[in-house]
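I am attaching a structure below and will ask some questions about it afterwards.
As written, the chains take the letters A, B, C and D, and residue 1 is the first residue of each chain.
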């Protein structure tokens, strides 16, 4: 956890809706892992002469690591970025997600959210021959996925959040990671959890995780704005998260 | 006086410090005259989704008219503009300056201010064979003028606001227009007026004008933030100005 | 649609649209005619007027801030007598009621001003502005004197003092409370380098005043309408005030940045917008485009932009 | 440099640098160690602590606004006993004094809390936070109980109520007044669509609080120092508060956006910056650059940019 500077090295439009930014980052971010994120602020040369809108740092989950010091992020294409733009980054923020050792089938679910926060694990998992299913639900069904690896099984859910072969997909999965509706993440997790429980009666620990993507004022455990209730007491998204076991998170 | 839209048609860097923007403007601005200005706000396609920083409209004095609906403005080169940028314009703001009929020699003075607000009259005056002297004083001495018409006589004042041949220049001038220190315009006018009075004992009416460039909240006489005191009572920069006869303006 | 924005009773004022310009925004009604359609607003509120003429403030008047600015005019005006003489014909010709904003200086001033105001038919109601330094006792004396008026009396409360003044003002006979005048602040004027005071405008003012409206709506008698004012920059901002308990709103500085926004908020809350479909009557829901329509004329088409 | 930030007398607190983090900004002192040099600040003020544990607020916690944001945490904390147990060693090791922020709930709570606080040597002073809904009588009872403390007592006043509470709080024995807590506001949470309340942060808060500081400095006894807090985002903002009469300042949300800014303000007002020349010790006056220095490494040179 450090404050460092980075700049936008390259900008690629990957499809109609999204662009990917290659960020040249400090070495301290070289070992960032899936689940961890960056708190990012655009800066000018003169750090003091800042624009205060937007005020808080944005939470960027990398989607790919290229060279040692190049992290790739995915942003809406209509967001105006320029190569050479300087960034101030606080990170890595959060704890790495904990994948099972003997993982064979992983299920990723994005409900009303871009799946970007789930994409960083794709390459390493594909390299380990893990089969990956990505289910896009609700508003996420509109997500354009043409740029994602072909080895990925992509499912667009139906209106009611279900999909063909849902029972099989849920049965096969060794581990599930869920992104929820922005601003309503807990309600969204509760819905998905109900769906999963209706197909699998026993949910072992460390089987299904919800990943929080709330805006973080401080990002390092000081302000307590990101606190969640769990059966093990209060936890912080920015320190203990972003992934929380959905069977222990209090979702009301 | 209307609210219309314009866009930036072309951007030219004219020297190290300045760029000129060609604005494609509404026909209602075709007859804008020297002294009049535009109140400008950058807008997006969706007028409601505005950024509120900067909040107030900027005051832009055109420096040149090209085709019927092209107005040129001069801006600092480091201001980031893009061709195609949409603008919302309220204008023309203010009253045209009143040039003498039989003008032969005009003296323009920019004290601590870019001379941009004085440049719109250059071409028409040069076409009428009027000789023009532009004196750059104080911080304005750094103004890069390589792009201004060669026919213009350019003088950079000395530290003490004087210059070689000052007595002659002041003696010859039929009319004088002065721009003052931003934020301290009245004090600045008072200084220049003292300087002129020390060389010419009689200052006829409509001989020496100060041009105000204060930021205008409304620009059309409603908010009364731009009020000045004159010997003829209160006047508004945005309606009666920007040029005021320095012998009638109350400068304290 | 007729919305009563003052207490029902002997004198009451109804407007067609619950959107008004805040005092000081539109001048006296003659300046914005070409930039917006006043008939889409509920009423005109005039610039502040004092019994005797006031001079403009000296020193810095406008200081830009982040997403806002500070303004200090000194409320210059030629005094009540001259204002009435100069503008009463303009007001008579307007299709909407005129509310004169009267600066609350002292009780004797108010008695004299009200006597004069009662004679002017073109004025439908009076909005009283109270000073920020005014004690509860001062305020009550001024309101009491202004209550001699035979027209509806709106009282606009200062920002910091409004929790204290609201209930006494309602009890003293205010027919409506306007919450609030723009908050006062002190900033460093970048030009002169000096600390300088004035009123602060910008979107960040809204959350604080919206909260005051919500709280005071629960505290003051239900028959005294509240009019919300502060930081309104969009139709949704205006609707937030209505949801918090205001019967109408006043829009201030946003009008200078985007004149048509005031009209658009008026159209929206006044029920004037019938449709928001693409290609519907352009003038109805892009009123700010005026006659230029540069968008249509020359903007690169969406598809071109996408294929870059 | 030693600056007394509380009333001279039996208990008084002096700091080396008149810049402090506002309560709630830095946690309990263990979180920001790698992002800023605490020794460049005058003291650490802890997150708010209550006698008994408090849970986090439900619903929206962070709502972005124009040049600002709204925050509502509910002040979650594990209660005084546990906080002391957990952090007193951390505090003992710090090179700057620690001020514990105590939430002023009730007089009996305060008596119990102060008895406990007096036992903890690592705590140099207490800052008392008063609720926005608290009447003058409530406030006095709470301050009176907290006055049982045998350490300096700073009192942080709520925004809207501070003109009313300042003089009574000083008379009741506050050793310093902190002006003010962040103002409360109500905004529409875009995610849920509901009106939601919390505290408002951003640069536009500063003009209003700066004015309050200027006015109150002239009203309260000269021996009661004022500490300014609200909307400080640069060394100049901090200096404005000092010019308006504050003896020290607290920096709040700016720290989250630019952690090094807090340190930079501390360096600036603490007299730590000896030079501002180009090519002077980089670490001294671009402390925010950390170890990356991307600027030097790869920025297109000025000349290239100029020749476009």
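One rule holds for everything that comes next: a contact is a pair of C-beta atoms (placed from the backbone, for glycine too) under 8 Å apart; a residue touches a chain by one contact, two chains touch by 3 or more.
Quick caveat, the model's predicted, so the values are computed rather than measured.
Visitor: Imagine the assembly minus chain A, everything else where it sits, and name the touching groups.
Guide: one piece
Visitor: So using the touch definition from the top, which pair is joined by more C-beta contacts, A-C or B-C?
Guide: Higher C-beta contact count between the two pairs: B-C.
Visitor: If you take the mean of the Cα atoms for each chain, which one ends up farthest from chain B?
Guide: Most remote chain from chain B, centroid-wise, comes out as A.
Visitor: Cα centroid separation between chain B and chain D, in whole Å?
Guide: Here the centre of chain D sits 46 Å away from the centre of chain B.
Visitor: Cα centroid separation between chain B and chain C, in whole Å?
Guide: Using C-alpha averages as centres, the distance is 33 Å.
Visitor: With chain centres taken as the means of their Cα atoms, state the distance from chain C to chain D in Å.
Guide: Between these chains, centre-to-centre, one finds 35 Å.
Visitor: Tell me, which residues of chain D touch at least two other chains?
Guide: Residues 65-68, 202-203 of chain D touch two or more partner chains.
Visitor: For chain A, which residues are shared contacts with two or more other chains?
Guide: 51-53
Visitor: Taking touching chains as linked, do they make an open path (line), a single closed cycle (ring), a hub with spokes (star), an all-linked set (complete), or other?
Guide: Graph shape, chains as nodes and touching pairs as edges: complete.
Visitor: For the complex, give me every residue of chain D touching chain B.
Guide: 66-67, 306, 308
Visitor: Would you pull the chain D residues touching chain A in the complex into a rising list?
Guide: 24-27, 31-32, 34-35, 47, 55-56, 60-62, 64-69, 71, 73, 76-77, 189-192, 201-203, 233-235, 253, 255-261, 264, 286, 288-295, 298-300
Visitor: So in the complex, the part of chain B that touches chain A is made up of which residues?
Guide: By the definition above, chain B touches chain A via 51-53.
Visitor: Can you list the residues on chain B that touch chain C in the complex?
Guide: Listed in rising order, the residues are 1-7, 24, 26, 28, 41, 45, 47-48, 50, 52-57, 84, 86, 88, 90, 182-184, 214-229, 234.
Visitor: In the complex of these two chains, what residues of chain D are touching chain C?
Guide: 65-68, 70, 160-161, 163-164, 183-188, 195, 197, 200, 202-208, 210-212, 214, 236, 240, 243-244
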